[in-house]
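Below: a set of structures, written as structure tokens.
One chain, subunit A, links the two complexes that follow: it is found with subunit B in the first and with subunit C in the second.
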Partner chain A sequence: MLKNHYQLLIIGAGPAGLAAAATVSGHGISCALVDEQPAPGGQIYRCSESVSEQRARILGDEYQRGKQLITAFRNSDAEYFPDTRIWSLSNQRQIGIIHQEHSKIITADQILVASGAMERPVPFPGWTLPGVMQAGAGQILFKSAGAIPGYGVVLAGSGPLLLLLAWQYMNAGVDIKAILDVTPLTNHLLALPKLPRALLAHHYLTKGLVYQKDLRRAGVITKLGVSALQATGEECLQTVSYHHFGRQHTIKTELLLTHFGIIPHIWLTQASGCDHWWDKHQKCCRPQHDDWGNTSIDGIMVAGDGAGINGARSAEHAGRLAGLQALYALGVLTEQARDEQSINDRKWMQTDCHIRPFLEAYFAIPDKLLATPDNDTIVCRCEEITAGQIRDAVANGHSDSNQVKYFTRCGMGPCQGRQCANAVAHIIADTGGQAVSDNSLFRSRPPVAPLTLAQLADLHEANSQ
Partner chain B sequence: MNTEVLIIGAGLMGASTALQLAMRGCQCVVIDKASPGRHASGSNAGGLRQLNRDVAEIPLTVEAARMWRHIESLVDSDCDTRFTGQLRVAENQSDLIKLQQRAELVRNMGYQHEEIIGKKELYQLVPSLSPHCVGGLICRQDGYARPYHALTAFRRKAESLGVHFQSATEVYHIEQSGKGWLVNTSCGDFKSNILVNCAGAWAGQLAELINEPVPLTPKALILMVTERLPHFVDPVMGAASRKLSFKQMQNGTLIIGGALVAGLDFEREQTEINWQQLATSAKTVLDFFPQLCNVRVVRVWAGIEGFLPDGIPVISASKIGNNAYHAFGFSAHGFQLSPVVGRILSQLILDDKSELPIEPFSIDRFSKEKQ
Partner chain C sequence: MFKQLPDSIAETVEVTLNGQSIRVTQGISVAAMVLTQGLRCTRETPVSNSKRAPFCMMGVCYDCLMVIDDKANQRACSVMVKDGMTIDTQYGAGSKPQVFQC
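Take a look at the complex of A and B:
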């Protein structure tokens, strides 16, 4: 039973949240971890507990690491609430929660937002056709149900996850028709100066090279420097076309999985009013925080990819650091004890982060692609608003995201603009409106997740009792 | 920058005033500390309501309704107006008596726009309404529009007639300079012969700057919108004795409001949603339409508006400064009045008189009360 107050509330059961819960365990504080999913692990370690040994092998040893984290969490004294959604987070640390279909507002002294990341939505011609999905969706189906594309797949986009999914599919015997890598070839040169530092975290590079070698050996075709990606079909996807070295190519396929990197899931920190900034290297908006995860709002912390993309290992360390900070803030640990106990995590996190500048430069997606050059492409799926309509609005004097939203309804659908916010910011900048900056995304509007009128009315009942 | 008329506030009142002045060949500049329609004008529910207004507003609202009917001839856009009627529902006999008294009052003033309907007609109009209601008060010519679209249409029409709109221009200081005004802003000085204060929730601060203080209180009112639903209700719905404002837009979404107040940090322009209030509002909606229980609320927002103690606006020439005019304090029901307010201000400025009675909206009514 969810209590009305906790000393520490952790949101998200990925590596950061799990590590934080295990860290604070045994110190006599009341701690709850809430998560949208039915089982712990987050996106990266989804279904780690229940997956078959064979599937775990296919997914690789990095995935299997999740099991230890989950076991430590299961052995902790944190209360765990799966299938639980947060729909509001205020700067007074009031948390609106839907648990077992009922809504409730609870409070906490310390809140750790470990909400992870989402795939960067990049609209391109045909992306809304049935048969075009994000690579993450392919991974979810495989991790949770062992489902693989039976009739072959084309993978397109950029970033480490694309490579990883290709490798996992290859192990599972999927027919990969092609990997279309849209990373500009000039990125290789631009990333070169970052390589020496990346060598300090060389296991990532080694792993990437092994994946590439395995894929080559298995005869999987990878096209580098692809542009003008387009999905076409009548009712659903039939072909994928692209430009490669000045020539147009077409592949017949019923399934296209795309990936354009990941961005922090900031909707909770945004809702609470934490300060955010635009990271031009990661090309995303992220909450401001210190080394311990403290945001600009007292008692609200962030850890893991929700704080900025640093990967699963770093998330684990950041989760532990935030756990120690929470214990310190709650008066359980002295400053000295907190600092002493954090030495290893701080060290490992620093090492782990050496790879980031290289990855960010290597996989940087050009602004032109992020700004949806094709005007007929739908950008806001909920309200079916095209890039052209957004450009027209900017030309009519609606020069920032919120004005464009008011005028076009872009971002007003049930997803609250999560799918289009970044694209809209890039299109506006590309059309001569406000440049992409710290507050280019839509202003946050509650609720963070939709709730029904009955669930909202629940709060009235709770109040009058 | 020099101009004949300087209007402060690029909301609907400012844009409408600029348009009316420009139509008569008067040169105007409209400045705004943020962007056009950033607060109340962009975030209100867009109600075109004559129903149940303060009696002082009736002559204005009736004329405004006529202007909205022909809004396309004024601003080249229909502003997505829909004339579906507005309805106040009576849940019991005492509600109905209250509404009957209101209808009689309006009739005795010589107006016909508000009429009582019985239970039978009520359920013909709104078949999905919970069966406990007994009748209602309706204004069949009422309806709604899309506020930000309306504002954009007013602004663009005014621009086409030469009005200059300038965003991100915050007023710091105002002083009388000869017969005109010198306004110091974040974007330099503006000199004008005439000054118009249409600054919404910030109008009190501006009035203070020209030594004409008014008891204006900024408040943030909450609206919520649901996912799209199949069409099920035409008129905009209110209730005789409960806080409710409820309508289904053309696209199927429901907009729910009804004087729900959010927490407001006026200095930082930050609003904090009061969920308990929204819960009460959700419960009210479900009392009238129980079948909506599983409809999802997708977005909630609060707009900052200026309120006056007597709930009616200031539409007035300045009583102390030369050539200054005010239109603010619409207390969350200004949207419908905006076309006529622009025209009244243009008449005050150019003709020194208004075609409609505006004595009740005088700016010095609060200081008179004290005496």
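Take a look at the complex of A and C:
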């Protein structure tokens, strides 16, 4: 049963949250971990506990690491609440929770937001058609249901996940019709200066090269330097077209999985009022934090990809650091003990992060593409607002995201702008409005997850128990 | 659109999808179930009646909204199939369709 107060509340059961919970275990503090999914692992280690050996093998070594983390967490004394949604987080450390269909507000002395990442939504013509999905969705379907494309698939976009998914699909015997890589060829040159540092974390590069070699050997067609990606079809996806070296090509397919990198899931930290900043290298907004994970609000910490994209390994170390910091803040560890116990994680994290500047430069999506050049493309999937309508609003003097939102309803649908916020910021900058900056995104207010009136009305009763 | 690997089809439950009784794998999400059942569209938008289907599968995009056990606007990717569950394609802001085929 969920209590009204915890000394430490961890939000998210991915690598950061799991590692933090295991770190604080055995110190006599009350700790709860809440998570939306029915089982621990986050997106990266989704269903690690329950997948068959065959599926785990196809998914690769990295995925299997999740099992160790989950076992350590299961052996910890943290209370675990799966299938639990957070709908608000205040700067007073009040957390709105929906657990077993009932709503409740609880408090905590320390809160660790380990909300992870989401796919970077990049609108392109036809991206709302049934049959167009994100690459992460394909991976989730495989991890959680053993489901693979039945009639072939086209993979398109840019970033390590696209390559990994292609490799996993190849191992599972999926017919990959083509990999359409939209990474600009000039990125290869721009990323070169970052290569020496990346060599310090060379296992990532080696792995990428092995995946590419395996795919080539299997005869999977990869087109580099693709542009003008477009999905078309009557009601559902029928064809994917693209430009390659000045020529237009078309592929018949009923499934297109796209990937344009990942961005932190910041809706909770935003709603709580934590300071955020625009990272021009990662091209996303991320919460400000110190090297323990402390945000600008006392008692609210962040760790893992929700704090900025550093990958699963770093998330694990950041989770441990945040756990140690929570123990220190709660008076369980001295400053010296905290610092001593953090040495190894800091060292690992430093090494792990050497790869990032190279990856960020290599897979950087050009601002032009992020700003949805085609005016007929729907940007806000919920309210069906096009790039052209947003540009018109900017031309009419609505020069920042919130003004565009009030004027067009863009970002006011059920997803609350999660799919269009970044694109809107880039379109505004591209049209002569506010440049993309720390305050570019829509304001986020609770409830950040849907809440029925019945659940809201339920609040008083739940909290008086 | 999707098919399940033979090793992942374990115990099954019975659900009703758009009025049809079917046996499906236990322990998977409604969205995974409908995609492996070959349903290409899971809702029609309230704005333009255009067809949509699951997009992100992780609860972020809200494009997989369906009517589950007569409750509209449920994210199919975040609800697990249960024995006896009824799942319907969602029309607009939340009414149940009469006939819907894509």
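By our rule, the second predicted complex is superposed on the first by the 461 of 465 C-alpha atoms of A that agree within 3 Å, B and C clash if a C-alpha of one lies under 4 Å from a C-alpha of the other, contacts with A are read in each partner's own complex, and residues count from 1 in each chain.
Keep this in mind: contacts are C-beta pairs under 8 Å (C-beta built on N, C-alpha and C of every residue); 3 or more make two chains touch, one makes a residue touch a chain.
Just so we're clear, the structure is a prediction, and the values are computed from it rather than from any experiment.
Taken together through their common subunit A, the two structures put subunit B and subunit C side by side without a clash. With chain A as the common frame, subunit A serves as the apex of an angle whose CA-centre rays point to subunit B and subunit C; its value is 80 degrees, to a multiple of 10. Applying the stated contact rule after C-alpha superposition, one finds that A:Asn396 touches subunit B and leaves subunit C untouched. Of the two partner chains, neither subunit B nor subunit C is touched by A:Val210. In the superposition on chain A, A:Val132 makes contact with subunit C only, not with subunit B. Between subunit B and subunit C, more residues of subunit A are touched by C. When both complexes are overlaid on chain A, the residue A:Leu190 reaches neither subunit B nor subunit C. In the superposed model, A:Ile221 makes contact with neither subunit B nor subunit C. By the document's definition of touching, both partners, subunit B and subunit C, reach A:Gly413. Contacts of A:His265 after superposition on the shared chain: subunit C is touched, whereas subunit B is not.
With both structures placed on the common chain, the touch criterion links A:Gln43 to subunit C but leaves subunit B unconnected.
In the superposed pair of complexes, A:Pro450 makes contact with subunit B and with subunit C alike. Note on the superposed arrangement: subunit B and subunit C approach each other to a least C-alpha distance of 5 Å.
Annotation: subunit A residues 413-414, 450 touch subunit B in one complex and subunit C in the other.
Across the complex, subunit A is touched by residues 35-37, 42, 148-149, 152, 155-156, 165, 225-227, 251, 270, 272-273, 275-276, 278-280, 282-283, 285-286, 292-301 of subunit B.
Interface residues of subunit A, counted against subunit C in their complex, comprise 36, 38, 43, 50, 52, 54-55, 118-119, 121, 128-134, 136-137, 140-141, 144-151, 172, 235-236, 254-255, 265, 381-384, 413-415, 418-419, 450. Residues of subunit A that touch subunit B in their complex: 88, 90-92, 96, 105, 273, 396-400, 403, 406-407, 409, 412-414, 416, 445-447, 450-454, 456-460, 463.
On the side of subunit C, the complex with subunit A involves touching residues 1-5, 7-9, 25, 27-29, 32-33, 35-36, 40-42, 45, 47-48, 50-63, 65, 73, 77-78, 80, 102.
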